[in-house]
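Below you'll find the structure I mean.
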Amino acid sequence: MRLIVTKRVKPLRFGGIVIPFLSIVIGIFLATLALYGLAQVPPSLVYGAIGQSLVSPQMLQTFIMLTILGVALIIPFSAAVWNIGAEGQIIWGMISSAFIGLSVAVRYIMVSPTELPKYTNMPGMFVLPTPTVSGAYAVEALTMSPGAAISLMLIVSAIAGAIWALVAGLMRAYLDIDEVATTLIMNYIAYYAYNFIVYGPLQGITISTSGFGLSNALHPELRFARISTATTATWEGVALMIGIFVAAWFVLRHTTFGLRLRILGSNPNALKAAGINVRKYIVAALAISGAIAGIVGTILFAGNLYQLIKIKTITTPPTHNIGYTAILVSWLSMLDLRGIPIAAYIVASLFQAGINLQSSLGSVSSGSAMISSGALTYVLIGFVLTTFTVLRVFSEYSIKVVRERG
Amino acid sequence: MVKNLVKRFPGVLALDNVSFNLRKGEIHALLGENGAGKTTFVRILYGIYVPDSGEIYIEGKRVVFTSPLDAIRHGISLVSQIPQLIGSLTVSENIILGLEKYGMMANVRKVEDYIRRESEEIGIKIDPSTEVWKLSYTQKQLVELLRAVILGAKVLMLDEAITFLPIREKRRFFKFMRKFASQGGSVILITHKIPEALEIADRISVLRRGKYVGTVEAKAASLDTVRKMMFGERSTQITYERLPSSKPDEKVVLEVKDLWVMGDYGAFSVKGVNLRVRAGEVLGIAGVAGNGQLELVQAIMGLRKVRKGRVLVSADGNVIDVTNKGTGRVRSLGVGYIPDEPLKFGVSVENDIEENLAMLPLIARGVIKWGRLRKRAQELIDKFKVVTPSSRTPVKLLSGGNIMKVLVGRELSVAKRLLVAYNPTRALDEVTAVTVRKIIKDRVLRDRLAVLLVSEDLDEIFQVSDTVAVMNSGRIVGVFPIDKADRDQVEKLMVM
Amino acid sequence: MDSALITLILGVGPAFAAYYLTAIGHGLFEKSGVLNLAIDGVFTVGVAVAYVAALFAGTAFVGSVASLIIAALFGALIAYLTTKLPISHGAIGLSLMFVGYGLAALIAVPIRSQINAVVSYPLNIGADVGFIVFSVILGILVHYMLSRTKLGAAIRAAGENPHAASALGVNVLKVRIIAGVLGYALIGLGASFYFLAYTPAPYSEGMGMGQGWIAFAISLSAGRHPLLTILSAAVFAELLYNKFVLQGYLGLSVHITKMIPYLAALVAMVIFMITPLRRKLAPPRALGKIYFKEERTV
């Protein structure tokens, strides 16, 4: 039995829709098989969790972040530059926006317990809930308008993310070092740097944060506004998502830069013969990608977490590994911007499904209830992505099975 | 013996009922122009291609090959111009990979002694434990020969394998070939150098445009008879009307001084070339493919490193040294480039015509004005009669000829001072080819464009050029103004 | 010599074995031209399998064997898919990485929540030395195979230029599958040592995650050379195992100390590419390239 693989002249019709769809269906099926076979998870729970998540408002925030990250990754991926370091870039975005939000945009006033009532309701003042070691209370006072502060946070996080990605970009462009390995390793360096900062320069000053690996809480006026109480999504997040999406659309479709990035991915030789400095494009693609990922860090910090929390185990960073799941989003979209929101929706749902499934497991066997939602999400996402990777071949190649004539 | 081989490739009939026979113990030279079908022929015999029809017989028995391994098993070996060895492995490792009698866990060192003995017998003094990347081109070809012998070759096919070797090395190969033949082996030698074939072969066969022309005994043949077989009656007539000549200006646009460029396999491909192209002049470089023209053009365009020498372009009264300064610099001076292998280096097939235009910094920068671009694309389509559903169709869906038209059209529109073209009318039908040549010549006459034209089609060279240069073995071996260029003489210089 | 110092140096034995074997397994597979991004996922699965198998069989040895086999199956699958089909190595690697992370939890967590026992290899100085010796011997065997045998030449050929290799007579698919099976068997073995000998603390979800990448970095820093990897694995293992001591000596924060192995890996990679070492220790030329046999036309 032999497989004959030949390249199609025209890609499979409707392949762009059929194949992702099929991958999701088959992938979920395989995942359910594994969940049942290895951990006795009833399939009905799995389908229930997925169904539930498709319409749950909780996954909106994940959807927003995945859309933005999907755009961030599509830019280098179109040029065949693989940015696996979104995690690290997000982390640096968080760190730098925390730096602005917690020590540049605010100053701290030490207040004795007796003076406390005066400050408790003063506009612009935010009293940190627990006292400091000395017994006094710390009050955060804004040093600039919230608008300016947030803008500064966004700018700084973009720069931080860009710089972090730039290192890998330079190594690839000028030293030909594979960016997959470098961006990945830099993720881990970023995690440890984060912990260092949380226990160090940005360490909280109150008794509940100092020494516990927590930073001070962000001033309420600097926090992003929640859309409703049912969701963790914010208006600023939505605005950023739309803005970044439109900007990327414009750059990729209406500038020579975007066009050449895409050609870089399919035919770098033609680009060189046209006189383009390919190296600069590689570096730029990674830098832009890192910048956008950095902005996501601000969204996480100012929109969700409001403080930096230490990373307890390397497998549970505050990003919930969204930098990796975003890769799936970009991949599923077949590197087409229009597919990003759809892919983001699906992946966010799977992510949420993991969470839902986890909570519903409590009522079943006690063994599987101990499995974290993260692991369940990995199972779902992993099988979908694997199936997709294999099925994707069909869109560009036709595969025939031939009986070997003896 | 081979009977009636037919092989078709998309758009081209490569072999049209070619028959051939090879005697035991003979050295048989196979000659022909570019595109005659010689390489296709031996690749079929080596199992790389499958013929559409026809049969192959070895010692009376019919054989069918589906892969090179089949051919090797029947004792047929092919050595190409480009060594097929893996650089980071040693000589013995490369050879042992094909020796089926050794198992997976065989120790390479043990085989090395055997290889060493065999190579000494043949007269090749290369240490088998050397890594291949350290070897010179000559040595690599010798290793290929060694490999063929060790794998038990009875028929050795050399496809321009010794073309690049210096004379002394060639003589060594000749010695080896004679010994091989005297021991009962047979050799098919593909070359375009007639004197060589006359010196070493027993018989000479000629292919022309996919058809078998004839076979002669080497002793009975002369340079002229063979040349007539290769080029046909065209060698005394010019079939195409010559385009009006241009009188070149005094101003030199492109100057190449003593250029030395390294090829891909460790030998110099360009050996001290000097050229001048003036405004309003078409300098046509004639030559058989593989004599350094490609590397020369790539070096001029900044796509290949120049080891020694200078490339100078004149712009607005200034002479600018663009040697090794990168393609962008050269292009920015208003230089158009029609490369060899247009699908790989010229256009991006996944993109459409508009995008292929916008790709060039000379056409679009920053924000793309699609409206203007569409108009420009449409102009190109109309001018060159490109057959395409629209200007937004991916180029890969166009026929080869139309892709070429897009490329030529684009480059002509950006070439302000100089156009460097390599086989610009390849894959074009005759009518379109002449149209393209006319358009190019028109730009030369009216806009005083300078053109460096490299072509494997001698007709084209004679039709378009104002000055003809001949390149052979990395050197320019003759330069003639068109009115003094004699076709016979040029052909002679090409095949010396 | 101070006995505390000896314990310090040799105590790293199990850690060394774990990282070293994983690293050379990874290097071996990549030498055949397949970009191996699934390493961390399969490593994590290996840890989970080792835990469960050892628990049920009662001996750590069975844990290692089970882990070895499961990993080898992954290796064969990856080799087959990337060679037979024009699939992106990176995509299949990362996908299987996710699958691995998930499967590991499914395999081990339910059991962990019900059983509290732990089975491990003996932990004493003798065992420590034993691990070092065992893994170095394996490393030497791998090196011998790669550099002196026809199989090794075939593997390297497939990694440099599978098309030329095929023309020279190599069965690229067969050779890559062998590399995948052997390479991942080593990775599985390393993963089992990681759990059963290095950190035999009770299993916790996600155990092993990230360690595969450390081995990846170790292998890269040594140019995928089985013997040179001894050096880089030893350095990394010492850094990781003795980080508290280091901290004390250098006065560095614990977080910075944890960063050092990764920074070292980056620096090592840069050093290669800019020095003449590049030639000898360069990545296989066809690494990660999709192998697609097109009909070659003129």
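Which chain is which? They are A, B and C, in the order written, and residues in each are numbered from 1.
The rule we apply is simple: a contact is a pair of C-beta atoms (placed from the backbone, for glycine too) under 8 Å apart; a residue touches a chain by one contact, two chains touch by 3 or more.
Because the structure is a prediction, the values reported are computed rather than measured.
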May I ask which two chains are joined by the most contacting C-beta pairs?
A-C
Which chain has its C-alpha centre farthest away from the C-alpha centre of chain B?
A
For chain A and chain C, let me know how many angstrom lie between their CA-based centres, rounded off.
27
Where the centres are mean C-alpha positions, what is the separation of chain A from chain B, in Å?
50
Centre-of-Cα separation between chain C and chain B, whole angstrom:
46
Can you check the complex and tell me which residues of chain B touch chain A?
301-303, 326-332, 337, 339, 344-351, 355, 358-362, 364-368, 370, 396-397
Which stretch or stretches of chain A touch chain B in the complex?
9-10, 254-257, 259-260, 262-263, 266-267, 269-277
In their complex, what parts of chain C are in touch with chain A?
35, 37, 41, 81, 84-88, 90-92, 94-107, 109-114, 204-206, 209-210, 213, 216-217, 220, 253, 255-256, 258-259, 262-263, 265-266, 269-270, 273-274, 283, 288, 292-294
Within the complex, chain B is touched by chain C residues 145, 148-151, 153-154, 156-157, 160-161, 164-165, 167-170, 285, 295-298
Partner chain C, residues of chain A touching it in the complex:
3, 5, 7, 31, 34-35, 38-40, 82, 84, 171, 175-178, 180-182, 184-186, 188-189, 192-193, 195-196, 199-200, 313-316, 324, 327-328, 331, 365-372, 374-383, 385-386, 388-390, 392-393, 396-397, 399
